[in-house]
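Next come two complexes, and both contain subunit A; in the first it sits with subunit B, in the second with subunit C.
Take a look at the complex of A and B:
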């Protein structure tokens, strides 16, 4: 436990540094004093335009959705006691994407309807998996396997919708497939901020119950947790976190999946590591977005989700191989 | 904490009133009534699949009876808020799960959950309970180790420590000695016997090993096919005729030279 405050502090410092760099650096780079002046209400009109209209919204949205992705992954992985059980692997982000794209392209929805559709789609997927995997008890592995199947289905439906729909813009289509921060607006930021304001207190209350559920259903029930109700509430909250984030920026590949395992490795000690997971997600997304914008030099911008995927996939391999080694040792 | 300032437990009544318990539509325990003697060590024994673990699940409100009631202090246990039950009744199931990487102290501390409210943070009483649990189970020197690093015997003592930190007046345990060698079986049972003796905690456990059951039990419940065949002191319950009835076992009963409890010497199949 003693490592947690240090890890939180270090990750916060890295996150703030990355945020400042992301806002300052670009085709037009601001000096640190100019940046600070602009952020705190001063600055030239052109600096103000670049910072407040172009770069700050992108960074703020990146931070807020990362909290959603990081927490959702941590909650799902602990709840199902399975490191593979993150919403992007088991099709819940996919369900959100499909529903968001469906509402946008087929029904011409705008504004709040899109994230609400994503939420609905993700909930439908989550409870479909829940019902299909239920056999007089909850089995994490069965949940994951059914979820992986559903993730492929969601990907197929998404591909179909995008080809059938009138998406001329390949960039936009890619955002729905892998996620990107290109279209960040203050409206999106408001939606995510309000969602977090509602969902984070629920996470705080449910975290205590989740710590008991980690010990197995029987022990949790014996300690006074109403197992079914708590699990249901946790699923709804985690699904909402990931679905709303996905509706705004797409499924940012692997962020939900890798953040909690990295955070737990840094912290150690078998806790939920919720705050560190959210911070790792922020660092990962800000770093990946910076790479996507500035370090991969192509004509068109690379969606952020491509870079998180490049970071996440090798990490998955490393994680699996080291976990096996430790598994044999114990 | 010294023995003198450890208060004796308040008295409780836990009983099953004509309960029928089923899994997947099949009655495992049918129309069974039993009262758990307060402040005693009760051991439930019986052949495999006789319903002894199911009865324990029923008594600990993990399994809701299909009919009948489990009563705790005169109230149906399912009508009492679960956290309130957890402050009186503790249950250590057969295969609890330790989160990967958790330390002994953190695991034991999780037993304090029923004593914490929504906003009430960790208190000095919580610390004291955890310390006491670690000392009572002889796991204090393991406190900062990770569970994965421990032997089976140490691990089982840690789980018992977690149940102790919950500080229940009645502690139910489902085969707490499974997978332990004989010395570690005795270690675990001695911890529980001491808990009963020093603090008056009521212990109810399912055990496989008949001779250990007879040695540690004040009260024995012998089950067969979802019913109670006999209950009483070990001397009353462990008889040649009953062993034949419950286990289909031809056995001689002698007096255990160490504890003078009845001891089963198997002869063969009845």
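Take a look at the complex of A and C:
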């Protein structure tokens, strides 16, 4: 008996509750009836301003990018059969960071140029890894190892940029590199929503193939899956998910890496756990954003990406120490 | 799952190849050591190296530079590279994951947090002053990772170690970022330590950690045969009489001692531990005793080459070895990964 439906239901309830709390609570806190009225078209003008202009966009963007990060992590880890093979570790977030920090520090870019550079950086890195790992077919292990090599090169470039510039610029770059939901706008939401509308159906179609690929290349080919083409399609979809999300909010540290392992431990069994992974990501990001905004008392705005590690790590550690089943590391 | 052997298409027998690679890497290291003493921003003739070390002339500035500046950083590079190369090989063996890096046990993150503490709370600014903080932080983080990874009925399985290590690293990194984003002065000092460098270390630092490196190497040497058995899988290893948890504990001890020393000496240098075993494996085959032995020679060679390149490339200024090492190491790794046939083991 799978625990999947129960896990999905509980995670959804937690996600909705966190979303409502995030919208309602703040310097000015709305009561639940007021919140509901405002969300469904009523409410006072000031309530409408606070909810629709300030808080709702942040929560919606958090939910949408989390789906991107959670799914991308789960897809990469399953496809490459390695628990470490999340986009942050195989260089894709690194490519986005290098391009964004380069545009910030060297070219003094602002506004749309930064996310566009990040998107470009992620895509260029992913394409480079794919090309370099192609040798009469793509081998998952080769892809991962080359990705890790590129990730370390990206880290070296970031280290160079951070140590050479003025310390205040370095700090600004650091803020981008941990990622945050500070500047969420309806425009960002539209971009992410359209991207998901295109990519999610592709994920649904490809998930069936991924399940067979997990049986091993030969067996999958025997079952009629065109191994190379499916693998390329999966990589394209996963890269697109993480690249667009990263361009909008920065590489929210740890979300892509941790969501799938947590989801698999909750669900049990050896499935892909794609929906639970996305839900775990949503809960993690909403929870972290709430902590970042309200529970950490510093003068400056704390970027969400700082808290994802502090919130997610203890939970994963607790799961590791209490579950005997290994989940599937693949 | 993910253990991988890189099988070269060479026709030489494995035995010949091992001894050849062992000898060749020793020669390479000897050359690199001499170059590290002779090359730098200040042009010094090779003929000065020998007298500088063994019969110094009073008032000879070239010899002074060699003895007081280049000799310490060469020794620091030798020790740190050796420690990282060996620790990387052991780490990949114990986690059976070719992506495992010594940093994976949380070592670099723990050391970094302790150093951030030393800078921001205790206002220590001199690299030698960080040594014990870095060492203690590294050991504490690795112990936490290992302890959490060992909980549960089946003990410290590779997957649990890998996940626990990454989780602890992520949590600690968050705390560090939180401090750095709000504390500009600490960031200004920490950013230079955090890239990893062999410059401005003194022999006093070497004297403090050399004992730990020797102890770590001893553990690593003992773990070689055990890792060969563990590589077969836990069940088979047990069947052959290997107590798996003993193997993992010895290996973890080696990694903590070696990485703690390297990080204390040179800062959190990444990549050496990851890439060196991958460079070595095509030549030695999957026997961990050989992988560890040759990694111990290739590690310092790579780190010192990076340091020398960093001294020359933007002379008279310099690039930190920790930055250069990935830029020259990654292409080597990519070329190797592309050239050899990857076979699951």
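One rule holds in what follows: the second predicted complex is superposed on the first by the 245 of 330 C-alpha atoms of A that agree within 3 Å, B and C clash if a C-alpha of one lies under 4 Å from a C-alpha of the other, contacts with A are read in each partner's own complex, and residues count from 1 in each chain.
Assume a residue touches a chain if its C-beta (ideal position, glycine included) is under 8 Å from a C-beta of that chain, and two chains touch if they have at least 3 such contacts.
Everything numeric in this text was worked out from a predicted model, so none of it was measured.
S.K.: Quick one: classify A:226 as touching subunit B (first), subunit C (second), both or neither.
M.R.: In the superposed model, A:226 contacts subunit B only, not subunit C.
S.K.: With both complexes superposed on chain A, which partner does A:131 reach: first (subunit B), second (subunit C), both or neither?
M.R.: neither
S.K.: Applying the document's definition of touch, where does A:295 land relative to subunit B and subunit C: first, second, both, or neither?
M.R.: After superposition on chain A, A:295 lies in contact with neither partner.
S.K.: For A:27, select first, second, both or neither according to whether it touches subunit B, subunit C, the two together, or no partner.
M.R.: neither
S.K.: Counting residues of subunit A touched by each partner, does subunit B or subunit C come out ahead?
M.R.: Larger number of subunit A residues touched: C.
S.K.: So, A:81: does it touch subunit B (first), subunit C (second), both, or neither?
M.R.: Once the two structures are laid over each other on A, A:81 reaches both partners.
S.K.: After lining up the shared chain so the two structures overlap, which partner does A:271 touch, if you call subunit B first and subunit C second: first, second, both or neither?
M.R.: first
S.K.: Just to be sure I read the superposition right, which of the two partners does A:215 touch: subunit B = first, subunit C = second, or both, or neither?
M.R.: A:215: touches subunit B, not subunit C.
S.K.: Which positions of subunit A sit in both the subunit B and the subunit C interface?
M.R.: 81, 326, 330
S.K.: Spell out the residues on subunit C that touch subunit A in their complex, using ranges where they run on.
M.R.: Listed in rising order, the residues are 1-2, 4, 97-100, 148-149, 151-154, 157, 159-160, 162-164, 166-168, 170-175, 177-178, 180-182, 184, 187-188, 191-192, 194-195, 270-271, 274-275, 278, 319-320, 322-327, 329-331, 333-334, 337-338, 342, 344.
S.K.: Can you list the residues on subunit A that touch subunit B in the complex?
M.R.: It comes out as residues 1, 78, 81, 136, 205, 208, 211-212, 214-216, 218-219, 221-226, 264, 268-271, 326, 330.
S.K.: Can you list the residues on subunit A that touch subunit C in the complex?
M.R.: Residues 81-85, 89, 132-133, 135, 139, 141-142, 144-146, 148-150, 152-153, 155-156, 159-160, 162-163, 167-168, 170-171, 174-175, 178, 253-254, 257-258, 261, 296, 298-300, 302-303, 305-310, 312-314, 316-317, 320-324, 326-327, 329-330 of subunit A touch subunit C in their complex.
S.K.: Quick check on the complex: what are the subunit B residues that touch subunit A?
M.R.: 23-24, 57, 60-62, 81-87, 89-93, 95-103, 106-107, 110-111, 113-114, 116, 118, 146-149, 166
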